[in-house]
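First chain written, first letter: the chains are A, B, C and D, and each begins at residue 1.
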Amino acid sequence: MLVEKAVALSAILFVLGTLGALTRRNLIVILMSIELMLNAVNLALVAFSRQWGDLAGHVFVLMVIVVAAAEVAVGLGIVIALFRNRESVNVEDSSLLKW
Amino acid sequence: MIDFLFYVFAALAVAGALGMLLNTRNAVAGALSLVGTMVALGAIYVLLEAYLVGVLQILVYAGAIVVLFLFVVMLLNLRQDEFSPERLRITKIVSVVIGALVGIELLVLLPAALGPAAVLPEGFGGYRMVGAALFTDWVLAFEVTSLLLLAAMVGAVILAKRRID
Amino acid sequence: MILGVIIKLLFIVLVVAGLFLPLITWVERKQSAVMQDRIGANRADVFGLRLIGLLHPAADVLKLLSKEDVVPAGANRVLHQLAPAMALVPAIVTLAVIPFGGTYTLGDTTFSLVVADIDWGMLFVLAVGSLATYGAVMAGWSSNSNWGLLGSMRASAQMISYEVTMGLSLVGLFMCFGTLKLTEMAALQDQTFRLFGFLQHVFGIVVPGFLDWVRLPMWGLFLQPLGFILFLTCIMAENKRPPFDAPEGESEIIAGYHMEYSGMRFGLFYTAEFLEVPVIGAIVASLFLGGWTIPWLSTGDIVGGVGSVFGHGFATGVAIVLHVTSFLLKVVIMIWFQMALRWTLPRFRYDQVMDLCWKMILPISIANVFVTGALILFLEREA
Amino acid sequence: MVDAQTFALLRWIVLLPLLAAAVHGISLAWLRRPLSRWATIILSCGAPILSFVLAFAALLKLATLPADHRYLTDTLFTWMGAGSFSADAAFLFDPLSAVMTLVVTGVGSLIHVYSVGYMDDDHREDRGFQRFFCFLNLFLFSMLALVLADNLVLMFLGWEGVGLCSYLLIGFWYADRWNAYCGSKAFIVNRIGDFGFLIGIFLLFWALAEVDAATVSFRELAAALPKIAEQTVTLPGWLGWLPGAPTWKLTTLIGLCFFLGAAGKSAQIPLYVWLPDAMAGPTPVSALIHAATMVTAGVYMVCRMSFLYAEAPGASAVIAWTGVLTAVLAAVIAIAQTDIKKVLAYSTVSQLGYMFLAAGCGAYSAAIFHVVTHAFFKALLFLGSGAVILAMHHEQDTDKMGGLRAQIPWTHRWFGIGVLAIAGIPPFSGFFSKDEILLSAHLAHGVPGYEALYALALATAGLTAFYMFRLHYRTFAGEFRGTSEQRAHVHEPVQWILTPLALLGALSFLGGWLGPSAAFTSWLGVDPAQSNSFANFLAPALHGIHHEVSHATEWALAALALAVSGAGILLATWLYVWRPELPARIRAAIGGLHRLVANKFYVDELYDALFVRPLVAVSEGLLYRTIDAGLIDGVAVNGSARLVRGFATGVLRQLQSGYAQAYLVVMLIGTILVAVMVMR
C-alpha cells in the first residue's frame, strides 16, 4: 500500500533529520536537517490526509511550509549575525546567551 | 507503475537526505543534495494526490528555501576548513541511539494510526478544494500565519542588516 | 496515445530546439546590427553562398563543440559539469504544459495540442522556473572563482526575488480566468467581450446598440494590462538577459557565474538563455495573447464555416494549422519584442534590479490583485 | 419619589463651577498657557453668579408647589450599582437645600468678586491668580454637590471635595511651610470626622439592608427609617460606663457617628483645632470656606438627617451639649486673641456651636436660620478684616493696629455692621437667629440639663458681644500702634472689595427679617399665620420639634439676651475706650490664667502629645522600619528573589550548558517518553 510506504519513508527521513540535527556542528547544516524533519512531518501529514480523505492535512502542510520559510529567514539571519561576531558557524562556539 | 515511481523517488529522497547528512566536506553540496530530497518529496506528494502541496513543495522548498541556504553559504563564503570532519563524541553515540529509538517508535506508531482508507472525492488535493478549505475552515489559522510571516520578515531584516554605528 | 505524446514532443523539440534556437541567434545578431546600423554577421559561407548569415549558427555550434572543455583547478567537478544541464532542463520542461493548439475531435478521438495537460499547469511553470536558479548557483559556486561566486549570488537573489513578484503579478489573471489550467485559459481567450460593456456595468451608462459590435478578444492582455507589463518584466528578469543581466555583467564581474566555462558547456548556458526567449514568448502568448486562438475567429466559426463546405475532418485540419500558426506568430512577435528590448535598454545596476522588484513591482502587483478582486466582485454582483 | 418634580436645570447649578474649574485646570496643567486676567475674572465670577440665578429660578419653581410635595429632583445617571445598593448622580432641591444653595452661591459670588480685588496684589508666585480661582470654583462645585446631593454617597463626594479644596486653599501659599502644615492639619482632622461619617453611612445602610429597605437616597431613608427606629445594639463591656449602656438605640449610635463627621467638618469639640489654623489661607478663603459655607456643612448634614436625630434623643443631647460647650470654650479663647483673623476664627467656632446647640435641641430651622445670618455677617467680618489686612499690608496683629477709623472709614462702617450683627443687637440679623436658638435651648426639655444649656448659651452671647467689640475697638479706635511707615501706607481698598462689603453689609442688616419669630411679627401686626415664615418654609424638609410658646416668654428671653449682650458691649467699651490702660493691668494680675487662655488651653499641645507623636512613632518605628522595610521588602520581596536566584544558580544553571544540541537531546528524550506512554 502506498500510504504505509509513505509513512515509513517519512519516519526514515525524520530519523535522518534528527541525526543531522544532533550530530552535525555546522549551524547551517543543522538548520537544513531541521528542514528535513519538517518535510518528513509534511509527508506523514499528506499520507494521513490521503488515507482519511481529510484536507486538514494539506492545510497543515501549507502552514508548516510557511513556518519553515519564516524559520529559515530568521534562522539564517541569526547565522549571519553570528558569523559577523564570531567568525564561525560552529554551534559549539555560540553557547553563551550574550557576549 | 505508481509503486515503481514511488520507489524511485523514495530512493532519491533518502539518498539526498543521506547526502546532506554525511557530506561533512562542504555545505553547498549538502544543500544541493537536499534539493534532490525536496523535489523527490514533491513528486511523492503528487503521487499521493496532493497536487497543490507537491507544487508548493517544489516552489517554496526547492525554489526558495534551499536557494536561501546556498545564498547564505556563499555570502559567508565558508572555506573548506569550516567543514572539517568533526571529532567523534559521546553525544554522537547518544544521538544515534535516540535517533534509532525515534525511528522505531515512528515506525510502530504511525502505521498503527492509519486505519482504513477513505474514498477520495473528485478533485481532492487540487488547488480548488485545498483553497476552499484554507479560506473557509482554516481562515483564522491562515491569517495568523500571515502575521507570523510579517514578524519573521521584520526579524530577519533587523538581524541581517549591519549595525551602523 | 503514446504516439500522440511522441508527436507532440517531436514538435516541441524540432520547432523550438531545432528551428527557433538557431534562428534566434541569427535574429539576435541581425536585429542588433539593424538597430546599430551595421550589416551584421554575413561572413560564413558554403561554396560562396552566404544566405545573409544564416549559416553562422551552424558555425557557432561547430566552433563550440571543437573547443576544449576546461574545468578550473579546485573546482567541484561533479557540480561543475552538472550545472549547464540544470540551467537548460527547466526551460525545456516548461514547454511540456504549454498548449500550442486547441482541443479537437477527429472521428471519435478527442485530443488537445499540449504535451501534458495538467490541471495546475501554471503552477507547474512557476515551480519549474524556480528550479532554474540552481544552474546559475551551482555553476558559480562550483567553479571556485570569486567572480563566479559573485555572479551566482546575484543570480540566486535576483531570481528568488522575481519569482515572488512573478507569481503575484499573475494572481489577478488567475482570478479573471478562474483556473490554472493553461489549455482552459487559452480556450477562454477564444471568446470576445464588448469593449464598452464596462461602461454599462461600472457606470451604469447605457451604450447605444451599435457599439455592442465593438468587441475585443478576451485576452489576458486586455483583462490585465497592468499584470501583463509586470509579468513580462518579471519573467524577463528571470531570464537574466539584458537589461537584467547583472549576474553576468561583463563590465563588472567579467561573465558572472559562467565565466569559468568554455566550449559546449558554455554553449549550453548560452542555449538555455536563448531557449528561454521563445519559452517566455510561449508563456506570455498563452497567458496574455490568447495562446493559439485567433482574434474574432473562434474555433467554432472555423470548424463550422469550413466544415460546412469541405467536411469536418478537413475543417479540423485547417483549424489546427491556423491555430498553430497563430500561436507561433505570437511567439515570434514576443521574441522580436524581447530582442528589441534587449538592444534598447542599458543594463540596470544590481541594486536597481532589486529595488525595481521589491519597491515597484511587488506593491503594484499587490494593489493590482486587490483592484481586480474588487472589480470582479462588483461585476459579479451586477451580473 | 413617584411624584418627583424633575427640574433639569439643577445639574447646571452644580456643573457650571465645575466647568469653570476644568477650564482653569486645563489651561494651567495641560496647556501651560494661563488665561488673561479678565478671562479668568469673567469665567470664575460668572459661573457662581449664573448658578445663583439658576438657584433662584429653581426657588421660584419650588414656591409654586404645594407644601407637602415641595421638592425638585434631577437625575443624571446611575452612578454605581451593586446588588441592592445603587447610588444615582441625582440632585434634590427641597427647601433645606434651597436655602443652602442660595447662601452658597450668593455669598460665594460676592466673595469671588471680592477675591479679584484681594488676590490682585498677590505676586508671591506666578499664575497664583488663576490657580486661586480654579480652586475656588472647584470648592463651589463640591459644596453645591454636597448641598444638592440626593443621597448620602453623592453628599460624601461633595463632603470630601470641600475638604480637599479647603486643604488646597489653606496651603495656597505653600512656599511657606507653616501654611502647608496647617493645610495638612485641617485635612487630617477632617479625615477623622469623615471616618465617623463613613461608619455612619455603612451602619445605616447595613441596618436598612437587614429589613430589605436598603437605600441611600434621603427621601427614601426618611420613609424607611421607622423600620429600624426600635432596633438596639449591645455595647461591648468596656463601654459599660456610658449612659444607657449596655443597650443603645441603633439610631443613637448611627447619629453619633454622623455627628463625629459633622464635628470634624464644623470644628466642634474635640475636632475644632484645625479651624483657627486654617486662617493661614488667604482671607477670602477664610471667609467663604471657613466661615460662611463649608464649616456649616456639618450643621446642614445634621439637619438633613433630622429624621434620624428625631429618633435619636441621646445623640441629639450629645450634639446640644457639644455645641454649647464649644461655643463657650471658643468664646473664652477668642477673648485673649490678638490676631484679627484668629478672633474671627474662634468666633466662627463659637457660632457653629450655637448652630449645633439649636440642632441638638430639635430646632433645626433655627440652626439653618443662624447658618444663613452667620454666613452673612461672618463673611462680612472676614472680608472686612481682609480689607484691614490689605490696608496694613498683610499685618494681622491687632496690637499693631488701632485708630484705623480715620484712614479707612468705609471698611470701618461695614465691619461695624458685622460686629453689631454678631453681637445680637436688634434689628441686625444676628439678633433674630440667636434669639431663636436661645429660645429653643430654653424649651429643650428633652435634653438633660437644659437649664444649664440655656445659661451657657446666654453667657456665650455676652462673651461674643464682648470680644467682638474688643476686636473692633482694638482695630479701629484708639491710637495707631503700628510703625510710622505702615501708617503711611494705610489705604481704602478698591471697588472690587468695597462692593461686596456693601452688599454683605446690607444682608447682615436686613437678613434677620427673613424669619423673625412669631412675637415680632405679631408685634409688627403681621398675620400670625404668616409668622415664622422661614421656619414654615423649611418645615416640610425637617423633622423638628415644634413648641407652642407664649409671646411673653419670647419677649422676656429676647430682652434678657439683649441685656447680656449690652453688658458685654459696655464692658468692652469700658476696658478699651474709656480706660485703655486697664487691660494690661488685668493681664498682669491674672497672668497664669491669661497665658492659659491665650494659648488656647494648650489643646493643640495636648493633642500633639496624646495622638500625633505616638502615631508618628508607631508608623515610623513599627509600620515603616519593621513591617514595610523589614518584612515586606526584606523577606517577602528580596527573600523570594534570593530564593529563586539560589535555586537557579544551584540547580538550573547546571542544566543550561548553552549547547543547543544538548537541549535537543533532552527534548527528544521527553518526546520518546511521551510516545511510550501513548503506546502503553
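Convention: contacts are C-beta pairs under 8 Å (C-beta built on N, C-alpha and C of every residue); 3 or more make two chains touch, one makes a residue touch a chain.
Source: prediction; values computed, not measured.
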| item | value |
| --- | --- |
| Pair joined by the larger number of C-beta contacts - A-B, A-D | A-B |
| Chain whose mean Cα position lies farthest from subunit B | D |
| Intercentroid distance (Cα basis), subunit C paired with subunit A, Å | 35 |
| Whole-Å gap separating subunit C and subunit D, where each centre is the average of the chain's CA atoms | 93 |
| Chain centre separation in whole Å, for subunit B relative to subunit A (CA means) | 6 |
| Approximate Å spacing (C-alpha centroids) for the pair subunit A, subunit D | 77 |
| Multi-chain contact residues (two or more partners), subunit D | 661, 665, 668 |
| Residues of subunit B whose C-beta touches two or more other chains | 52, 56, 64, 68, 75, 91, 94-95, 98, 102 |
| Sites on subunit A at which at least two other chains make contact | 18, 22 |
| Chains touching one another, given as label pairs in label order | A-B, A-D, B-C, B-D |
| In the complex with subunit B, residue positions of subunit A that touch it | 1-20, 22-26, 28-29, 31-33, 35-36, 39, 42-44, 46-56, 58-59, 61-63, 65-74, 76-81, 83-84, 88-90 |
| Residue numbers on subunit D that touch subunit A, as the complex places them | 657-661, 664-665, 668 |
| Sites on subunit B touched by subunit C in the complex | 26, 28-29, 32, 35, 39, 42, 51-52, 55-56, 58-59, 62-64, 67-68, 70-71, 74-75, 77, 126-127 |
| Complex interface listing, subunit B residues touching subunit A | 2-3, 6, 10, 13-14, 17-18, 20-21, 24, 27, 30-31, 34, 37-38, 41, 44-45, 47-50, 52-53, 56-57, 60-61, 64-66, 68-69, 72-73, 75-76, 78, 82-83, 86, 91-92, 94-96, 98-100, 102-103, 106-107, 110-111, 113-115, 117-121, 124-125, 129-130, 133-134, 137-138, 141, 145, 148-149, 151-153, 155-160, 162 |
| Complex contact set, residues of subunit C against subunit B | 76, 79, 119-120, 123-124, 126-128, 130-131, 133-134, 137-138, 140-142, 149, 152-153, 156-157, 159-160, 163, 167, 180 |
